[in-house]
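Same chain, two partners: subunit A is paired with subunit B first, then with subunit C.
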Partner chain A sequence: MKKKVRSYIINIVALVLLYSLAMYLIGNGTIGRYYMGIILTAGISVVMAVSLNLTTGILGQLALGHAGFMAVGAYAAALFTIHIGTEPQAIFPISLLVGGLVAAVFGLVIGVPALRLKGDYLAIITLGFGEVIRILITNLEFTGGARTLRGIPRVTTFSYVFVMVVLVVAVMFTLGRSRHGRAILSIREDEVAAEASGIPTTYYKIFAFTLSAFFAGMAGGLFAHYVGVLDPKNFGFIRSIDYLVMVVLGGMGSITGAVGAAIVLTALPELLRGFSDYRMLVYSVMLILMMLFRPSGLLGTKEFSLTALIDWVLRRKPEAEIEAVEAEQVFATRHKPALLEARDLGIQFGGLKALDSFELTIEPGEIVGLIGPNGAGKTTVFNLLTNVYVPTFGSIELEGKSVVGLPTHEITQVGIARTFQNIRLFKNLSVLDNVKIAYHNQMQTTPVEGTFRLPRHWREERLANARARELLHVFGMGEMAAKDAKNLPYGQQRKLEIARALATNPKLLLLDEPAAGMNPTETQELMDTIRLIRDSFGVAILLIEHDMRLVMGICERLVVLDYGQIIATGTPDEVRSNPKVIGAYLGA
Partner chain B sequence: MTFVNQIINGLHVGSIYALIALGYTMVYGIVKLINFAHGDIIMVGSYTAMVIMTELTGLPLWVGLLIAMLAAMLVCTTFGVVIERVAYKPLRNTQRIAALITAIGVSLLLQNIAQLIFSPNSLPFPVAIRVPPVAIGEMTISFITLLTITVSVLLMLGLQAFVHKTKIGKAMRAVSEDRDAAQLMGINVSTTISVTFAIGSALAAMGAVLYSTAYPIIIPTMGAMPGLKAFIAAVLGGIGVLPGAMLGGFLMGVAESLTNGYISSQWGDAVVFGILIVVLLVKPSGILGRRTSEKV
Partner chain C sequence: MKNRKFFAIIIAVALTITMLAPAALADTIKIGGLAPLTGPVAQYGIAVQEGVDLYIELLNARGGINGSLVEMVWEDERGDVTEAVNAFNKLVEQDKVVAIIGSVTSGPSLAVGDQAVEIGIPIITASSTAFDVTYNKPNYFRTCFLDPFQASTMANFARDEFGAQKVAVIYDNSNDYSLGLAESFRAQAEANGQDVVAYEAGAGGNVDFKAQLTNIAAQEPEVLYVAFYYTEAALVVAQAAEVGLDVKFLGGDGISGIENVISDVALLENSFFYSDHFASDATTEAVVDFIADFTAKYGRAPTIVFSATAYDAALVLCEAIEAAGATDFDAVVEAMKNTNTEGVTGKLTFDENNNPTKSAFIMTFVDGNQTFVKQQDP
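And then the complex of A and B:
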């Protein structure tokens, strides 16, 4: 907490100094019209780059139509100012807000259908929408069309741009480090795992995309009232690309990187104006070289921190973030463990019945093993239970309530958590964050509370930290909280995945080959951990495993699958001597 | 203009889009890169052809055109291969977006080099063919239209045969399916990718000459629009699928021509992008594309 306050003070002092310096230089004429133009343009670029970074860097969705939202905001704000008429100075803040809101509406309307697509397809469809916006503006009457929109009061001042930049960057940092920001990051890292950790991924994709459009719209408003004339040609595909280049060059996901790259890339072509014939040539060559030698951008995913810089200059060791651990239980009040009933469950892929007439009952606190040869349909069962696949027929009930057709994140919320056969961690996030993301649904901080860091945000963050550390401690991983998940050894990664699943506070835990790739010692440890989970967390466990020592050692009951059919059920001893099982494994 | 004429006009432009789209789709299929510089290869091809044709004034025009076409193919192929080797290959195993940005850089670089050499102003493309229109029944079709459609269709059929009947074609299909596995089977992945870029660029050169014959004005940024539309054509048909690029190209051309003819030329682009959006929402993998889903 002390560290946070110090950091706030340092940043606020720096901003006040910067602002005063700029105002002084403007006042005495050192910054003339020409440099002012560059500064304002750079500021607007910063807002654009930082907002695009939210979609592309933090949410991880490539968008090529960001200039479209800027255009919508620019025209909306400009038309508002023009039509309200009197006192453009006074209504300018409202104009900006109007620009942002209209752009946000466009973001929402476009985002809902478009965000169902991923990767390059999303990139292309956003490109398409961006171009459609431009063509609409060109051909409509009230926008002035291709004849341009003139007579916009030029009321954008340095102060407005400065405040806007500070606002956008601050929101990105505070919101980004709340539970909502973590939810958005988790989608970038692994969408399937995010959904399985209880994150409503569709909601957060649209949320981030719309917020990004909102800020782009505000930037558009600033732009309109800076240039005074709007020409639809200004908002083409190339402009979207310009901002994307800033984001990538700064380092995808790095907010301060985007700020730096936006400033450099706006100022650089201006500074090269002396050799105007060659400046774009130099620019393009630098772009290529930058990417070839530093493909992850200037800052990578790191952030520049003034506080850290000062600490480094003063040779101060950064204070370890020790937070008082209060053992109060606000979230994670444990409910009574599960009763799962699957009846006549099955799924058909084309002509292939991957699973047929599957029956399973799991009593509270039971450990059940699901075994069978490769391709028997074991993981399919997990995918049906968590609605990654929708069953063709049959029913699944948890404590008497049907969960068929619920989105995966809601299934996680009602109490079924899972791990994956091929580990799916949020690789570039810390071990601690991996677990904290899974607490998402047990926290109530709203986006507004998170952005302004209101008391509930702090209270819940403290608790989430404490509980996550406690959980990691149980798994013997307390020391590794700050490491990136991708740097853990294999066995630890498996454990972390289990810890993350447990953090969602499940009634039933599905483990998909937890011992795969582990050595005998690690497997032994894992068996102890699984028993511990059942005993101290009161969770029922269904596990898929090929390691018979583990299966026979801890499961109370087994279900054996072969070719999508149950061929045997019973205690480990009964199953071991069942001739059908022996046949399935040995091919008799 | 009758309806049939509009369709034929559409096929004319569409076949050019299709030729260019093949380059996008082949490259995407094999290295999963949206090659933004592909549009500028068209520009390179047009300028090369123009220079050759203005130099070779002594020869009959159609001979000049033929030589110009071959020269454009040679230059574009070289550009395509060199660009891949220098700018994309080092980034083959990093984040895909890095290569995308590099492609944008290459695109800007080509445009700016052209500006330095030829000035940013537009230049006329010498029109080589003055053959009277061909009459079929009651309607007449310009010779260029007929030539463009014929040449494009032949090239596409040739490419299809090449990819499916030859050894290197098989290597291309293997690499696009699984690069690592192809390598383990003894296929030289780098050579295969180079060949892909070479073919794509050669087709773009053909497209460039045919495009410039139809719209005889060339400027350094001329590649952007046909490039973008050809790219959309590739997505429309199903990116990575060769017949898809052809189908997409023809559809785009016809849709554009009908909008220009019956609605207004200002809305032509809107219709093109509108179709793109609808197709992506209804069937994201394109008309002939295969559906892929992630295995959990």
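And then the complex of A and C:
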């Protein structure tokens, strides 16, 4: 807490100093028209790059039409000022807001259909959107068309641009480090795992995309009131690419990287004026060199921190982030009895019945094993239970309520958590954040509370930190909280995935081959952990496993699958001696 | 031996520096040049630069303005409004120029116009034809005529020369210049009692206009006004032949250069007529001298008329500075308003909106060369 306050003070003091210095230099004429023009353009580029970074760097979705949102915002704000304003100075902030809101509405309209799709669709749709906007503006009467929109009051000042840049960057940091920011990051890292951790991924994709459009719209408003003339040609595909280049060059996902790259790339063509005809060539060559030598961008995913810099200069060791665990419990722990009932469950892929007449009942606190040869349909059962696949027939009920057709994240919310056969961690996030993401649904901080750091944000963050640490401690991983998940040894990664699943507070935990790739010592450790989970968290467990020592050692009941059919159920001893099971799976 | 070589290099460098030195004379008058010298419209920017540089070179050879040499400071704006504003600010503030010639295309000219009015610097464009560029901007002038003017001139030309009753128009609805021409042509044709039988839009950058041309052919017009720049116009002419559209083609100043890009120059022979600011084969003394000087400096004749209007822009500005006897903004602007001179593009005065009052030259093609037809007075 002390560390955070110190950091706030350092940054605020630095901003005030920077602003005062700039105002002083403007006042005495050192910064004249020319430099001011470059500074304003650079500031607008910063807002554009940072907002695009939200979609492309943080959310991890490629967007190729960011200039389209800028155009919408620019024209909306400019038209608002022209038609409403007798006092353009006075209504300028409202114009900017109008620009942002109109762009956000467009973002929502584009985002809702586009973001439901996966992969490159968003890139294609935003590419199309950018062009549609440009052509619409060119052909509409009220936008001035190709004749350009003229006579926009030129009221953009240094102060407006400065405040806007600070605002956007601050929101990116505060929102980005709240539960909402973590949710957005988790989508970039692994959408399937995010959904399985209870994150409504579609909602957060649209949220991030719309916010990104909102800021681009405001940047457009600043631009319109700076140049005074809007030409649709200025908002073409190339301009979108310019901003994308800034994000890529700065380092995808790095906010300070985007800020730096936006400033450098805006100022560079001006600095190169001395090269006259060759300056765009020099600019392009420099761009290529930068990408060759820093393929992950100038800052990668790292952030520049003034506080850390000061600490480094003063040789001060950063204070360890030790926070008192409070007794107060905001997240309710469930200990209600769990009961899963799957009846006559089956799924057909084309003509192939991957699973047929599957029956399963799990009592509260039970450990059940699902075994069978490869391709028997074990993972299919998991995918049906978590609604990754929709069953062709049959029913699944948790505590008497059907869960068929619920989105995966809602299934996680009602109490079924899972791990994956091939580990799916949020690799580039810290171990602690991996667990904290799974607390998402147990926290109530709204985006506004998160952005402005209202008390609930702090209270919930403190609690989430404490509980995540406690959970990691139970798994013997307390020391590794700050490490990136990708740097953990294999066995630890498996454990972290289980810890993350547990953090969603499940009634039933599905483990898909938890011991795969583990050595005998690690497997032994895992068996202890699984028992511990059941005993101390009161969670029922369904696990798929090929390691018979583990299965026979901890499962109270087994279900054996072969060719999508149950061929045996019973205690480990019963199953072990069942001739069908020996024939199909265990071998003589 | 090695030392000698080194010595030679030193001398060469020193000589180069000495040769550059006159540019730094204390009593030079600095004039800013703002043009797209790179990028998609660089062709026009370079033509303007060549025309201006030629005038300034000749002027300095004659002894400059009242003994002061004139130095041009050129800045590239790539046809982009933001870059134009940056370049404008640099010229005004860093280079401390006393006046500006530019910009070349309408968007950048409009963007710097607001800034120029703020500080009152004399500024003159040789090529921006959009009405708003000089409208309500007391210190912004131009030496090219306006789009409405040249389009309506062509409607009159179609009536006078061909007695055309049925006229058609093809234009680019995404382009300001094209829209302006098309609308003015239509308005004048209707005022003349001519029948506008087709008014078809096609986007600039397209390569296929056959659909529009087929529609136009169905209406059997006598003339087709092609409100395009030369690249698309060349396609239109070639494709008109393919769809069997047999008309006289008319166009604006953007047609100049079409003879270099069209697939078959024969298609233009006495069939394409366009209005221009200047005819290089006119026989007045001013034009003959201009062509000779230009060819001497650049090793070829000017291909784009903006070289001539730019020459005149530099002429108007420098004569105004001379008449004002000073370089303070207001005095020069006042002198420019009172311009009454004869440039290479003819007699030139300014109206109340700082637009030139001048004649248009009607051109066609003979043997693949631009050929002067007649002078159409306003």
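Note that the second predicted complex is superposed on the first by the 580 of 588 C-alpha atoms of A that agree within 3 Å, B and C clash if a C-alpha of one lies under 4 Å from a C-alpha of the other, contacts with A are read in each partner's own complex, and residues count from 1 in each chain.
The rule is simple: a residue touches a chain if its C-beta (ideal position, glycine included) is under 8 Å from a C-beta of that chain, and two chains touch if they have at least 3 such contacts.
Only a predicted model underlies this, so the values are computations on that prediction, with no experimental measurement involved.
Participant: For A:400 in the superposed arrangement: first (subunit B), second (subunit C), both or neither?
Facilitator: Neither partner.
Participant: Considering only the touch criterion stated at the top, classify A:138 as touching first (subunit B), second (subunit C), both, or neither.
Facilitator: both
Participant: I'd like to know which partner A:579 touches here: subunit B for first, subunit C for second, both or neither.
Facilitator: A:579: touches no partner chain.
Participant: For A:350, select first, second, both or neither according to whether it touches subunit B, subunit C, the two together, or no partner.
Facilitator: neither
Participant: Tell me which partner A:280 touches in the superposition: subunit B (first), subunit C (second), both or neither.
Facilitator: both
Participant: Now for A:148: first (subunit B), second (subunit C), both, or neither, which partner does it touch?
Facilitator: second
Participant: Using the superposition described at the top, determine whether subunit B or subunit C touches more residues of subunit A.
Facilitator: With both complexes superposed on chain A, more residues of subunit A are touched by B.
Participant: Examine A:455 and indicate which partner it touches, taking first as subunit B and second as subunit C; both and neither are also allowed.
Facilitator: neither
Participant: Please work out whether A:231 is in contact with subunit B alone, subunit C alone, both, or neither, and reply first, second, both or neither.
Facilitator: In the superposition, A:231 contacts subunit C only.
Participant: So, A:269: does it touch subunit B (first), subunit C (second), both, or neither?
Facilitator: second
Participant: Would you please give the residues of subunit A that touch subunit B in one complex and also touch subunit C in the other complex?
Facilitator: Shared contact residues on subunit A (touching subunit B in one complex, subunit C in the other): 135, 138-139, 277, 280.
Participant: Of all residues in subunit A, which touch subunit C in the complex?
Facilitator: 32-34, 36-38, 41, 135, 138-139, 145-148, 150, 154, 227-229, 231-234, 269-270, 273, 276-277, 279-280
Participant: Give every residue of subunit A touching subunit B within the complex, in rising order.
Facilitator: 62, 113-114, 116-117, 120-121, 123-125, 128-129, 131-132, 135-136, 138-139, 192, 237-238, 241, 244-245, 248-249, 252, 277-278, 280-281, 283-285, 287-288, 291-292, 295-296, 379, 383, 388, 420
Participant: Inside the complex, what are the residues of subunit B that reach subunit A?
Facilitator: Counting only subunit B, the residues touching subunit A are 28, 32, 34, 87, 90-91, 94-95, 97-99, 101-102, 104-106, 108-109, 111-113, 115-116, 224, 228, 231-232, 235, 239, 266-267, 269-270, 273-274, 276-277, 280-281, 284, 294, 296.
Participant: Which positions of subunit C touch subunit A when the two form their complex?
Facilitator: Residues of subunit C touching subunit A: 37-39, 74-76, 78, 80-83, 85-87, 89-90, 92-94, 106-107, 110-111, 114-115, 130, 132, 173-176, 178-180.
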